[in-house]
Amino acid sequence: MNQEPLLVVEGVSKAFGGVLALSAVDLKVYPGDILGIIGPNGSGKTTLVNSITGFIQVDRGKILFKGRDITNMKPHKIADMGLTRTFQVMRPYYSLPAFKNLIVPLFSPRARRTGGWRGGGKMGSRDTVAVDILEEIGFERDSYIPYKTASALPTGYLKRLELARCLALRPEIIICDEVLSGLSMSEMASMVPLMEKLQMEGITLVMVEHRLRELFRIANKVVVLNFGCKIAEGSSDEVMESKEVKEAYFGSEEEVFSYV
Amino acid sequence: MKCKRKLVSMISVLLVLLLFPTFSALAAEPILIGSPLATAFLYGWDAEKAIKLAVEEINAAGGVKVGDEKRPFKVEVIDTRDLEPGVPVSEALLAVEKLIIEKKVPFLVGGPVRSEAALAAMPLIAKHKVVSILTTGALSPKYHEMVEQNPDKFKYLFRISGEAKWMVVGELIPCLQQIQKDFNLNRLFIMVQDVAHARNGGGILAKVMPTKGWTVLGDPVVFPTGATDFSMALLKAKKENAEVIIIWMDMPESAILLRQWHDMKVPALPFGTIIAAAEQPGFWKATDGKGEYCLANVVNAGNAPSKATPWTMKFVDAYEKKYGLEPEGYGTSSSYMAVYVLKDAIERAGSLDPDKVVDALKKTDLMGVYGRIRFNPKNNQVIPSLDPEEGAVGTVFQWQAGKRVVVFPPKIATGEILLPPWMKKKE
Amino acid sequence: MSEPAKDRRKERLDRGIKVRTDGIYAISHWTEIAYLLTPRLLFIVGLLLAPVILIPFPYWQRVLSIVCIFALLAISFDFLANYVGLVSLGGALYMGVGGYSAALLNSHFGLPPLVTVPVSTVLGGAICTVLLLPCLPLRGVYFAIVSLMFPLLAGRIIEALDVFGGTDGIMGVDGFSSGWVEQYVLICSVLAAVFILRRMVSEDVGLVFTGVKDNDQAVKASGINITTYKAFGVFISSMLGCLGGACLAHIYMWAGISQFALDFSIIPIAATVVGGGGTLIGSVIGCIILVPISEFLRDFGTLRIAVYAIILTAFIVFKSEGIMMYGTRKYEQFERWVRI
Amino acid sequence: MEIIIYGIINSVTLALMALGFTLVYGVSRLPNFAHGALYVLTGYVAWMLMYRVGLYYPIAMVLSLIITGLVGAAMYQFVLVRIRGMAISEIIASYAIGLAILEGLRWGGLKGGTITLPPFVDGSIELIGVSVDYQRLIVVLIGVLLVGLLWLFVNRTKLGLALKGMAQDERAAMTLGIDSDYMAVVAMALGSVLAGIAALVLFPLGSIVVESGYNVLIMAVAVCIVGGLGSWNGAILAAFIIGFAQILTQVYLGAHYQVVVALVAIIVTLISRPSGLFGRQKELEERV
């Protein structure tokens, strides 16, 4: 991969009160990557996501997206450039049917510029486009599921809904904050091919995860955070072998296997 | 969608609307007087009591002679709420409209009380050709100035109580001159409330007094309505050796000012041009007697016991007999008088026709509770004077040993101004 | 309704006719059409005819105008609170800005009421939006408190600076050419506001507003600037308030500091609570109920406010859904006890 | 000099007004907008007991405090508990109750500003060339005493510690066996009593009028917001900032800007530093 990196994070630091949540984290994401970010609880993963997407202001460091400086830009501007994210705590618009949840992103300037999903132009109303996207992401089109109110959907569908919300923007990068956690085995099993499919369609994915096994299967590069510092980077195998990771993250070897 | 409930509620509202006005339409015989007053506040309730007293007396004496028949008065009091905090003036206007449109009153006696409400009501009252005599509250000179500018449109609007300009030029300044002569005091400190008439009045004083040999200490200190702490201004007055403090506030909190003045022993005579708290008989109790030596202007004679005319004490006694206390705020005697003036005008006009009554009112010349009542033909404002034989006299009194002693104008005075013991008479 | 027993619960079911009228079958039979149209027509025709019905009671015609002004404020509050998620306790700000701008336009530039009302609606809306712009990032109680402060402050500033006529206010504003113009301008505005807004909130834009209210993070992440939409919401709602204020200024031929009075902030909220928040029509119904009550209670002086407050508390605590929601439920559903 | 002395007096006055409000909010996250009404109620009840019933002043004071405490507790127990957590409903309902109390009192005859409580000690004293009446000194004294006692109560007694626990994390406190509803009732009663104490020491300076209820509420809210809602240190600091700012504007700008100062302080604080001077990060997230 000799391309220009799509997303560059340089020396980003962020402190809450006296606690250093991120200290000088570097990151490079290339087009087509699936980058995994792992780390124990409280290691600053979500803070990193929030910093990149502009939801919190960083203290130091620089974030570049497609060569443009997006450090501390407003979240909606960053999303408008094509860098979207999902939320760890899913909060869909519960009172609305699933497909209506997508109206909001479809109404955004970016979605209107890019002409909705697929093919561009005025391909029917936003409702049809929304159902198309949901089908894309695994909602059965002719079933009642896309029309069900969001509050009645199971977790698996809610996670997909989060992804669908990102897809509606036709993003270049999706940063997935724990889309796999909290899912049942079968739900996860169908989620992994979905991620791969998105990669095939040319979307770069950054996945922040707890579930190491599935992540290692799809990620082509993994970054490990601990106490706000990057302690390892590389392919999944390299990371697994890394001594720092084992010591800092997993503790002892027995625990590694019990965890994975 | 929706709403059997809505239907039910709408119908019931309509029903109530249909039924309500029929009650009041029945009594046609008496002559209705509408009184828009802020009945929960001083200047409202005292006026209400006075108007009712006058109506009772007139009816007991047989009523009003209109042409050949004798008809009684009937008062319709309505709460304008215009002195309540947070209530818009439009409420007062709605109340006035209710009197005019629904109760169909041909005459208004009383408020609205607050100056801006009274001013705002002018076009409305004029539009309906209702004869109105303003008796309480509003002191703004703008009221009769508007009448003067637009004599045709506003010819129905009279004011029988005093107004701010005369109070300053005709009463306050001469009274201060007298104090200067008697006690050799000449350092003046001005405290006013943040309302138009008070600020204007304070401004005029600050401009005029230096030409009369007084030293005015700084600009008037303006307090917001409802202020409860006056110590900073009092300290300043004390530091700058003020000798007379002019207070112009129509809020009850002014009692606090006087308590603070007493507690701090500020060596200056408090002179309330308008000082709502001190006007009331209950003031002595409210301040535990700390308001002694406070001077207050109650606009018209009769609001405190005096011998301005033979009628004055008669009114004061009747009021005290009926309500158990002496007349209260500055709108009391004028409200009482307005009913009699109206009766007089109706009897002379011999009809209830507004234009005829207006003409009769303009020719009023009656020896009343506070002197000779005549209206200035140009602006329908009662003609003021320092002599009860000449016009409507004001009253400045001083609290002395729990009593209100009238000290100005000299013609009706019942006592002398006293200085508080902690003030030394200058030589 | 009897006391709920332990072994049974209340079940609510949609009425058959409600279900039928949800879809295309709504036009299949006159009963269905009537079911749908009656309440709406009742509302529209009732409001439109009200001035005519009230001809014998001219005073109540005027009360109707006041009802409409409060209704505009209540709709404005309801829309902003329940669709945009900004609880504004400062309806009086809109009222005052609208009133002052209409009065100034009329007395300084001599524009007739039918011009000043729309102009000051838009102008006032813009002014209020600009004033509130710095507060838009605040949420919930904090926005509520700041918005409550604005009208108080505006009144104080006019008082202290002695501008726009100071405490006397602006007098000599032209009235509407007749009572009919006044009433129908107001009634049509209320109806238009209700139906346009109800349509708008169910459109895609409305969904974005709902999104801003429910989950602004997700809206931000969807590449939408929430401040723009909040500002837009404030603009719409302040336009309604300013419209009311402008009309009030012309009705009473006067504008003054007391147009920033607390009543203009409190009564619309009370009406919305009583009528049912989030329905827009509910707030109008609330005003239709509360404002006349206030008139009946006038003879009792300040007790009126106490009664008002008690009604308000009772509704908030015991029937927080409001009359409108309650009515809708009764109209569309029936209830029965089932054993469990 | 007088700026300092009267600044302190004014600040302590504000702190007294705000203490009850911030206590209730701190413990149970309940913005008690009936605060001003409870303030006036205490003064009125004390006056009634003294002049209509004829009790001794101290007894009347204690009794009126008890009554106010009960009213506050009842208000929570019967009304506010049903709408816990819905902030806007809480504001509207408590404000409405306050309104009902205040306007009911006005209707029942509390008007005109002719009734007042006697000062504890009459007279005044020269303090470094500035004359101050004793009552104001007592206000400062009681204010300081009250803050001290409150601190002791919160940090040294079981009930106080429970309240503090509630204030910090209601759920955690519940898991530790603290009955949160009971605590909220206690806090509400305590807050009402604090409002009552403020009324009893402040009313002798003025007269008992309904309007003071609204003023006290505005000032209490202003102080608490500037200081950070629920933060006691913040409230006291904010009372001093606003207190001195008011005195300074009164001296240099004019008394009618006093309220403007408070309002501007609120708006500026909320816009620039939404959590107030002493607010916590968690609250910041709630607000912005």
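Residue numbering begins at 1 within each chain, and the chains themselves are lettered A, B, C and D in the order written.
In this section, a residue touches a chain if its C-beta (ideal position, glycine included) is under 8 Å from a C-beta of that chain, and two chains touch if they have at least 3 such contacts.
Quick caveat: nothing in here was measured; it's all calculated off a predicted structure.
When you average the Cα atoms of each chain and compare centres, the chain farthest from subunit B turns out to be A. Chain pairs B-D and B-C differ in how many C-beta pairs are in contact, and the one with more is B-C. For the pair subunit B and subunit D, the distance between mean C-alpha positions equals 36 Å. With centres set at the average Cα position, the gap from subunit A to subunit B is 74 Å. We define each chain's centre as the mean of its Cα atoms; on that basis subunit B and subunit C are separated by 38 Å.
Here the CA centre of subunit C is 33 Å from the CA centre of subunit D. Contact of a single residue of subunit B with at least two other chains is seen at positions 40, 85-86, 194, 224.
Counting partner chains per residue, subunit C shows two or more touched chains at residues 156, 159-160, 301-302. Contact with two or more other chains is made by residues 106-107, 254, 256, 259 of subunit D. Working note: touching chain pairs come out as A-C, B-C, B-D, C-D. By the touch criterion given at the top, residues 36, 39-40, 42-43, 46, 53-54, 56-60, 62-63, 66, 156, 159-160, 162, 166-169, 171-172, 175, 248, 251-254, 256-259, 261-264, 266, 281, 285, 288-289, 292, 295-296, 298-299, 301-302, 323-324, 326-328, 330-332 of subunit C touch subunit B in their complex.
The touching residues of subunit B, when paired with subunit D in their complex, are 40-42, 45, 85-86, 194, 221-224, 226-229, 231-233, 235-236, 238, 252-253, 255-256, 259-260, 263-265, 276-277, 280, 282-283, 285-288.
Interface of subunit A with subunit C (complex): residues 53, 55, 74-77, 79-80, 84-87, 91-96, 100, 103-111, 126, 165-166, 168-169.
Every residue of subunit C that touches subunit D in the complex is listed here, in rising order: 81, 87, 134-135, 137-142, 144-146, 149-150, 152-153, 156-157, 159-160, 269-270, 273, 300-306, 308-310, 312-313, 316-318, 320. Of all residues in subunit C, only 204-205, 207-208, 210-211, 214-215, 217-226 touch subunit A in the complex they form.
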